[in-house]
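First comes the structure, then the notes that go with it.
Chain nomenclature is as follows: A, B, C and D, assigned in order of appearance, with residue numbering initiated at 1 for each chain independently.
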């Protein structure tokens, strides 16, 4: 199989139980960081761009880009989609279009995914500093 | 060491009220009956991320200050603002929310709660078509068809199934827990058989092959007696794993799927072979199961409200329930996230007439999501100050909206250090509602429940209600001084 | 400071005072024999009409259903908003005003006490939280008990004493005031999408009938010595031909010993007085109903008068709301509550040119005018079901003036005009009668001893209207009368002047009145019931009651029960 | 004639429903200067925001020279006269208007022509979301009148439309004509997704590409041309679909045959 450079996929964001426990324990906890900086992908899609579990990827949308850890979706296929748990990392690339009802497009933003083996995942503080200068 | 029973859990919209706590040395030592999130919440009161003293930003750095100063500075910011926003409210009690509405009215601000980024679209649809619904006990007693659509209670509302739906015993319906266990055993057995096959010990025992549980094709499972559990989602979630039937829908095509089902419920013929990736023939079987149940229910979540079409998805989902009530009894319910987001909607509504996105800038409540929703106000860069309470928009809003929030003076009231308090200008610590402060919360089905105070807050830390009352008093003082000066 | 209302025309039917020129003296929050004039604030009521503060026996102003009604109707609020002032909070109308606005608007019309008639016990905390935010009024609320499983089960067992103890417990822990029954048996049936269609239909899974529930609870009401009667919304409400069900209902309660006093209050009777087989042959059954009530003393009722406007219907009668949904196709809310009740909401526009609505309008007035004794029939709109309470002055004009009602009548659908007997009714209510149907009668039916009159010891709740009964014939000058009753000259509650000439002067908190039940045997909730609690409800026993924490100004009435 | 020229920029929303020929009529310049408006949560007067001039011509019309995209409710409920905006206009332009004419030589924000009952609204640029659609919770959409948009239109336009005409020279967003019961819409270029969803009456004509056809529409026949209004016919041929079947609806979609070969699979049902 020819390994591609990048893939165009649909971004879904949502809940996971680890993210839920993490947010209740505290946004500064390791659990919160680890559970919100991962990106679930379809096994076939991962192979297509030569990813193995826990490889770093760069996810880019019209709103910006973010480095995350790619993890194989544990249950069944989800071709063409990636799933990132809610959190500041996911939100840095979500579409802002509210279609005049106040709700940004947290699910369904088109994104580009490519391997980023040498790029680090930013911590919460680093991310906030990068995005808002604080 | 003391035990406290029947404690209400202040985490999600399930508001489980059977939690048993053991308190030792003024700290929660043990949590019984709760889920993982519940435990984390009750233990969090004593962890290191707790805010204990007010902070104020000086030369770009947050430095400690007093409540008096923090309250006065906050009041000055709000009293001066031309278009402040007051956002959050979903993780506090209705007592604090009441003061919040009064404060927003006093400062002529835009009052919004976290529903805007979760079930706001559901509310918009309810305002268009209504909602046939019920309390959760009604489902426990009567529902024989349970559909979770675009939601994943296993992860987001972990005890929903065990307290209210498939795995509970009601007056007229029984728990499916045993049959679920059997299924798990069968699946384990299947794995074993497969592994034996792989090892070449067993060869093709087809006659005993156990069918896989979830496939897009509805199996005879839809004809089984007792409660049936169906999950509709774009990916196989944890909940889908345990369902009797999992229907995988193409991302962003829920709208078409629901409309297709509606047409079939109305005995219409479709000119297409498949809808949203699902053959019409399968849909017909699903529709038959819906019509022939005694009491059906659809629970829905962010899978519908946040994906393309947003509130129109809910609009047609509710319309489907209206249609189904011509044939049998059916209900629908949003899976509310924060433990008291329903309370925020409820309190805002009784005081102002509107559930969220209330703009008081003209001296009376005005409501038009898209115009008066906080996310839109921020994206259009209209506000000039912000108060955030009991939520974390910097984690939950898109980046562009946060940029404007941070550009203006930002007051944050929260028990914990979170992304928003890290970037705020005045940070006011508060006690944890439902752990260190008693109050009231509304469950996802609008049932009000009392929250308990089980431990003392850190020394000197005030409640949300008290902090808001002090700010309100200070704002009134500033305004009357201003009047006198004029 | 004491307050002296001087020289007004006083109407106080409970004390038999009919328009005499009198002074009313107020000290603190009570009416007293006299006060020293020079130490008092004087209100010169010369040429004005003085009534006791208004009492509304049935108005949906708070709780889960009302608030959901508010939530689903932004378009109803958008056109009617109220700005904040230095003394009042902002808010919205129209058909379901926000809480503060509700209080202000009632107060401006001279009302001081209102009864919220529908509360699911499981959601009682919500109702009380909202009542706390309704200023200007004293309030009480009725829990829905007619389809509560423990009532159905004890009646099925034939154990009324046990039933009575449960009811007493429920009244106390929900901080309620009366037993509310809605479409008995119908709501339980609606749990599976069905309904009952006569008072002798079997209720699925319980083996009893609506008759059993109504008679059982009427007896329980006696055993508990409750101040009010059972408060009943009949079976088949809103269905053509239902006046026969209503007659059956009243007849089945004849056997309850009454001592000449009512044993049942049938609420919004207009909706239960329909004759005809279907909507096409729809006509009024008011004459038959009124005839029965004129000959029997065990029934009181209120009108549920239709107003031609866009309003919001809301009732615990889920199946009825579903019927309305099928008729209108409008947005529909259904909300069933586990083990207790159901509920529904539909926005509805009553139109003069709709023959059914027009006949309904006529039915309400026929009832109020044909029932001879004004102490038996009270003025309500079942707010907001038949129209918002702000329309009360219109109804009073129709009751007091044939000219007023004929002016509206002439604009009705022609078919409805032909079917109506209203033109043949000449009766016009006097100011004295108006005082009965808007306060004295309602207070008496509720047995609120300190309300609805101006005798010594009564609460100092007074409404003063800018109307000179010697100069204005209200039957003729109905517009003047209507205007006077739209905004009081003064509304006084608890001895404080709250409103003057259509303006709120100060915001005051009202009391919440509830029954502190004293049973002979301490109401004990057995372990068995506590266990049942977990089976029946999805909340813990301990978290179910409404603690006094939920009531800002608590005003319990001690009731000694016979069980 | 009154000429308004914006003299101040502000980040806050401005509510100025007084900008209407009905309000300006028979008022002196001073009275007009003092008409109340809101900037954020502060009460102000019209002259705080505009230089206001009155020409000798005694016609009830208003010209706004400049960008007023922050100014909401211009022409609210107007019944007569004319407003010309030489710039972009803010939300709720011409809301509830029942007569007269509004021309925007620029773009209009959301809810333009909302709950319109008559008159003409012409937008030379793009229109935002909810064009001609009702307020939240209301089922009262456009009742009468005409809206012409020369550019593109956002989402949820013509919701609950009952009567009247909407012409779009550009593209439309998703959910155009949601729950419409009557009236005519002509989209001269491409239509967004979920066109005509839940419609029960009226017609929508698409001369360009339809992004996605809802499964709940059934093909009826093919038609050569269709009437838009007196003296204006759209030339086809068009596939004619009936729906929305989920509502037992009888609304009609006319979709250009030439531009939409992907729909030819439906022809087998004819």
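Going forward, a contact is a pair of C-beta atoms (placed from the backbone, for glycine too) under 8 Å apart; a residue touches a chain by one contact, two chains touch by 3 or more.
Computed from a predicted structure; not experimentally measured.
In summary, the chains found to touch both chain A and chain C are B, D.
Of the two chain pairs examined here, C-D and A-B, the one linked by more C-beta pairs in contact is A-B.
Put simply, the chain closest to the centre of the protein, by Cα centroids, is B. Summarising the inter-chain layout, the chain whose CA centre lies farthest from the centre of chain C is A.
For the pair chain C and chain D, the distance between mean C-alpha positions equals 45 Å.
The mean-CA centres of chain A and chain B are about 21 angstrom from one another, to the nearest whole unit. Inter-chain spacing, taken between the CA centroids of chain A and chain D, is 39 Å.
Chain B and chain D have CA centres that are 35 Å apart. Listed for chain B are residues 124, 127-128, 308, 360, 362-363, 367, 369-371, each touching two or more other chains.
Counting only residues that touch two or more partner chains, chain C has 72-74, 78, 330-331. Across the assembly, chain D contributes residues 110, 129-130, 135-137, 139, 174 that each touch 2 or more other chains.
Taken pair by pair, the chains that touch are A-B, A-D, B-C, B-D, C-D. Here chain A touches chain D in the complex through residues 99-100, going by the rule given at the top.
The residues of chain B lying in touch with chain C in their complex are 5-6, 8, 17-18, 94, 98, 102, 105, 123, 126-138, 140-142, 163-164, 169, 171-172, 294-295, 322, 325, 328-329, 331, 345-347, 349-355, 360, 362-367, 440, 442, 446-450. Only residues 62, 64, 67-68, 70-74, 77-78, 81-84, 89-92, 97-100, 122-123, 125-126, 129-130, 133, 191-193, 205, 322, 325, 330-339, 342, 345-346, 535-543, 547, 550 of chain C touch chain B when the two sit together in their complex. Interface of chain B with chain A (complex): residues 11-12, 36-38, 40-41, 43-44, 47-49, 60, 112, 116-117, 120-121, 124, 152, 154-156, 158, 214, 234-238, 240-241, 248, 251-252, 302-303, 305-308, 310-311, 357, 369-371, 373-376, 379, 392, 394-403, 406, 416-419, 422-423.
Of all residues in chain A, those touching chain B in their complex are 10, 12-17, 20-29, 63-64, 73, 75-78, 80-81, 83, 86-88, 91-96, 98-108, 124-125, 128, 131-132, 134.
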